[in-house]
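Note that the chains take the letters A, B, C and D in the order they are written out, and that residue 1 is the start of every chain.
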Amino acid sequence: MSLLEVHRLTKSFGGLKAVADVDLWVDKGEIVGVIGPNGAGKTTLFSLISGYLTPDEGEISFKGLSLMGRTPHEICQLGLARTFQIVQPFPNLTTFENVLIGAFNRTRGVPEARLRASEILKSIGLFEKRGFLAKTLTISDRKRLEMARALATQPDLLLLDEVLAGLNPTEVEWMIQFIRKIREQGITILIIEHVLKAVMSLSDRIVVLHHGEKIADGSPEMVSRDKRVIEAYLGEVL
Amino acid sequence: MTSLLLQAIASGFLMGGVYGLMATGLTLIFGVMKVVNLAHGEMMMLGMAISYWLFTLAGIDPYLSIPVSIFLLFLLGFFIQRFLINPILHASEHMQILVTLGVSLILANSALLLWGPNIRSVTTSYSLETLWIGEIVLDLPRVVAFLFALFFTFLLYLLLKKTELGKAIRASADNPEAALLVGIEVNRIYPISFGIGAACVGASGSLIIPFYDLTPHVGPPFTMVAFTIIILGGMGSLSGALIGGLLVGVAESVGAILLSSSLKSVASTTLLVLVLLFKPRGLFGK
Amino acid sequence: MLEIEGIQVYYGDLQVLWDISLKIDSGEIVSIVGANGAGKTTLLKTISGLLHPRSGRLRFLGEPIENKSPAQIVEAGISHIPEGRKLFTTLTVLENLELGAYVPKARQKRKETLARVFRLFPILEERKYQIAGTLSGGEQQMLAIGRGLMALPRLLLLDEPSLGLAPQVVKNMFEVIKEVNRFGTTILLVEQNIFHALGISTRGYVLQNGRIVLEGTGAELLQNIHVQKAYLGL
Amino acid sequence: MKYVPVLFGLAIFLILPVVVDSYFLTILISIFYYAYLSSCWNILGGYAGQLSLGHAAFFGIGAYTSSLLFMKWQITPWLGMWVGALLATVFALFMGSLSFRFGLRGFYFVLITWAFAELLRLITLSLDVLGGPTGIYISVHTSPWQFQFSGRGPYYYIILGLTIFILIISHKLEASKPGFYFKAIRENELAAEGSGVATARYKLLALALSAFLTALGGTFYAQYLKYIDPETTLGVSLSIEIMIRALVGGSGTPFGPLIGSFILTPLSELSRTYFTKGGLEGLPLIIYGAVLIFIVLFLPQGVATWMKEKIAGYKNR
């Protein structure tokens, strides 16, 4: 049994299939990348898994439990956290409070949650800015904050939606190292990314979506040589 | 009982036409700039007041003062948008609600301050005239109001459908960014749309003054009815506002004869609750 | 025709474009290619006045346009057909086209231009009373281009016209773009579908992380292995 | 050390009734009375960000329940107030579970709270058992056991106590898990849900708490004035009075409602006394409207936050 199993997942919006018949599994300890051109259905897939959208058909299970019909907060309490492509901070709360709210998820009591929030802020390099309001942070700090809050919920599986977008090369490098580090702490990762170079070097396995369908699933080398993948990205080779 | 019911349906239908025009103004404002106008009922009160005072002080027939109502309310709406709504157009919805609530307080209580809490009504030579249609008796002013309301709704429809301005308004409502890209100055369209919305409700006010009593606090129930209608008809939908207006007009007057008359407003308030809970996207929405 | 000199563009505090300079001559088709998030759409929005650069200059036909409003820029002769088409989906096809000629200069010639657009896209004439939102994807893209042409542009900015279209329709679309260009409209094309785009372009620029990293003729860029690298990150 | 100014302030307010005249005391009672109600509203509207325009409903349920129990069965309001609070909570939970279940938020929530309160007012108006439009006169049995006192002093201390009580609750809430969850819901419901916050449950909690406490204020009002009617205890203008103080002072801050009440209550009491006598009825509410617009456009965070920033800026110089 894999940690996350997605079976024949389908979701349509007004006749258009955003996710079509997708099978996907993530084993404990893996980093799996999800790539695909604009509009391939990647974010829809994440929203289905994390309970923000209800699938039309298919089945999702996590740690052997079905996620169907569960609300996002229940799924989060089970240990599956996500970040948002467009970061979703609590703008008028401080950095610390943002993370603290995540930290309440699987802790009892305020002191323990505060401790956990501090630890995470230190490890992600935002501790000095703990008193800043989230809305005053720079984009790259907001990306970190988004990740810190998700980590604070103590997930077993973390869904990362384009955490590298909008970062400069140094920041990208830092974030990649950070993601490796959290995997070493035993957190499994499913990551959507547009910066292909990064996701190729980071992932154990890559899943490619195109027009909502899964067109490839394999090692980064295998996927990057796949003709259908190249066509999906660059258009038909003339 | 049947004839009583028919009677209620008929007079509710007539009032529904006016409700439709009033709600069209509200739905236009919402459709174009996604702003909810909690001062809508107070604008209705102003329309009534303009016609009342022109009649009382200058002896001008209420139907002749409709253009004055339309013009003054247009200006009011235009400036409210320009100076109060525009600065917070992209701010949180809460802020817009509070500003229009503030406007409603100012309008209602200015009326109270200026001419006191008395109930005022207009009695014209035709106030008590009636029309008989079979068993049903209809008050002439209500029939006239209904016809005028339909006429104004139709004019608005023509304006939006046929003129450059109307198309620009609809384009701005549909997709503001695309409207900018074809060269529409969306920021100029907004106050005009708010003005037109206010003018609609101003005209409605003038139309009902021959048979509806004016007090400074007559507004809130109208606001409630207008929101019931546009939520029922689908927020932003013009045809929905007209149909919703007729429906609510009939429901209200039928409700009034089924319940005791003291519970008349209960019917329309309950309707709002039911609509909010069960049809928040409107009768025709998904 | 269009000269861009060293513009820096921000979204709030986030810098999206770094020191972009490029040039488009009259009659050209110029492509801008690059991965998602490279800043292509931002560049087009800056040209059409939806965004303003923090520094740098934009000149169109010799006139500075960096501080003009979108309406003034349409009037000056630049039409922007945005990504995802952004039609007025609740209005009819005809109303969409009429609104395309909203600015005074284009409004005077609305009838003639409309006839021209209908010659180019006969399908739009057949569907002129249909609500735009009910058209198929390909037809919607035609309408978007038609609406852009109604403004009588000298320069047409096209953002991802092939997005979400079936392969056969994509081919058609690029034929149409060539045709529009033959009628004398200069085109700046942003595309993800680089083989098609560079195939019809006179010149192209490769954008990566908000910077121009390569430029050349369409054929040169197609050959250039770096292009593939920028895309696939290999 | 940091409690010194608080204790000092408290001491002043404890001594004040001894030194001020009756009119001044009336105003002080009003100030704390509105501060209390507005703080109750603040839990739902300020912390949890669910704007309610129907708090008069909870207030009215509290006022009517204890008064009816007292008048019909001679049950002391000291007991009746808890019954009222429970009833208000039940009503709030009914209204809340319906509206949250159907996903009503933002403006739709404003409308439905308004509509529910309006329904209660209309029903009360038409039911003779509830006194109809004339309302209920509460007979005088001056006895502390019946929540009735001679003179205003005891009422002052009761409402001061209630205000201190709600300030402590707000203060505790600020640093507790529910408090943070409320704020998370206000700031970004989507993200809150994704961070493990059971948003629907916590919104109900905020609503229930807010309604319960508001209803206690209703009983106080009934016993203080010894007269209630549908218009003043259930009307939308009361809801506005309650809401506006928190907004002006700073909603979502513990002291915002108190500050708001200190600014607005004297203003409205004085203008009511002087303007209404001079035939200038309506002026207080015109001023309210203007203040509301001014605050939204120029001080959207409220006076408390503005003062805090000013003071911080002054210290940093």
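Keep this in mind: a residue touches a chain if its C-beta (ideal position, glycine included) is under 8 Å from a C-beta of that chain, and two chains touch if they have at least 3 such contacts.
Everything numeric in this text was worked out from a predicted model, so none of it was measured.
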Chain closest to the assembly centre - both centres taken as Cα means:
B
Taking each chain's centre as the mean position of its Cα atoms, how many Å separate chain A from chain D?
43
Centroid distance [mean C-alpha coordinates] between chain B and chain A, Å
48
So how far apart, in whole Å, are chain B and chain D when each is placed at the average of its C-alpha atoms?
32
Please list all residues of chain D that touch 2 or more other chains.
none
Could you say which residues in chain C touch two or more other chains, in rising order?
none
Multi-chain contacts in chain A, i.e. residues touching at least two other chains, fall at none
Draw the chains as points, connect those that touch, then say whether the picture is a line, ring, star, complete or other.
ring
Of all possible chain pairs, which ones touch?
A-C, A-D, B-C, B-D
Touch list for chain B against partner chain C, complex:
164, 167-168, 170-171, 174-175, 177-185
Which of the residues in chain A come into contact with chain D in the complex?
50, 52, 71-74, 76-77, 81-82, 84, 88-93, 97, 100-102, 104-106, 110, 113, 149-150, 152-153
Residues on chain C engaged by chain A in the complex (per definition of touch):
12-14, 35-37, 160, 162-164, 167, 170, 192-197, 199, 209, 228, 231-234
Residue positions on chain C within touch of chain B in the complex are 48, 50, 69-71, 74-75, 79-80, 82, 86-91, 95, 98-100, 102-103, 107, 147, 151
Residues of chain B defined as touching chain D within the complex
36, 84, 87-88, 91, 93-95, 97-99, 101-106, 108-113, 116-117, 216, 220, 224, 227, 260, 262-263, 265-266, 269-270, 272-273, 276-278, 280
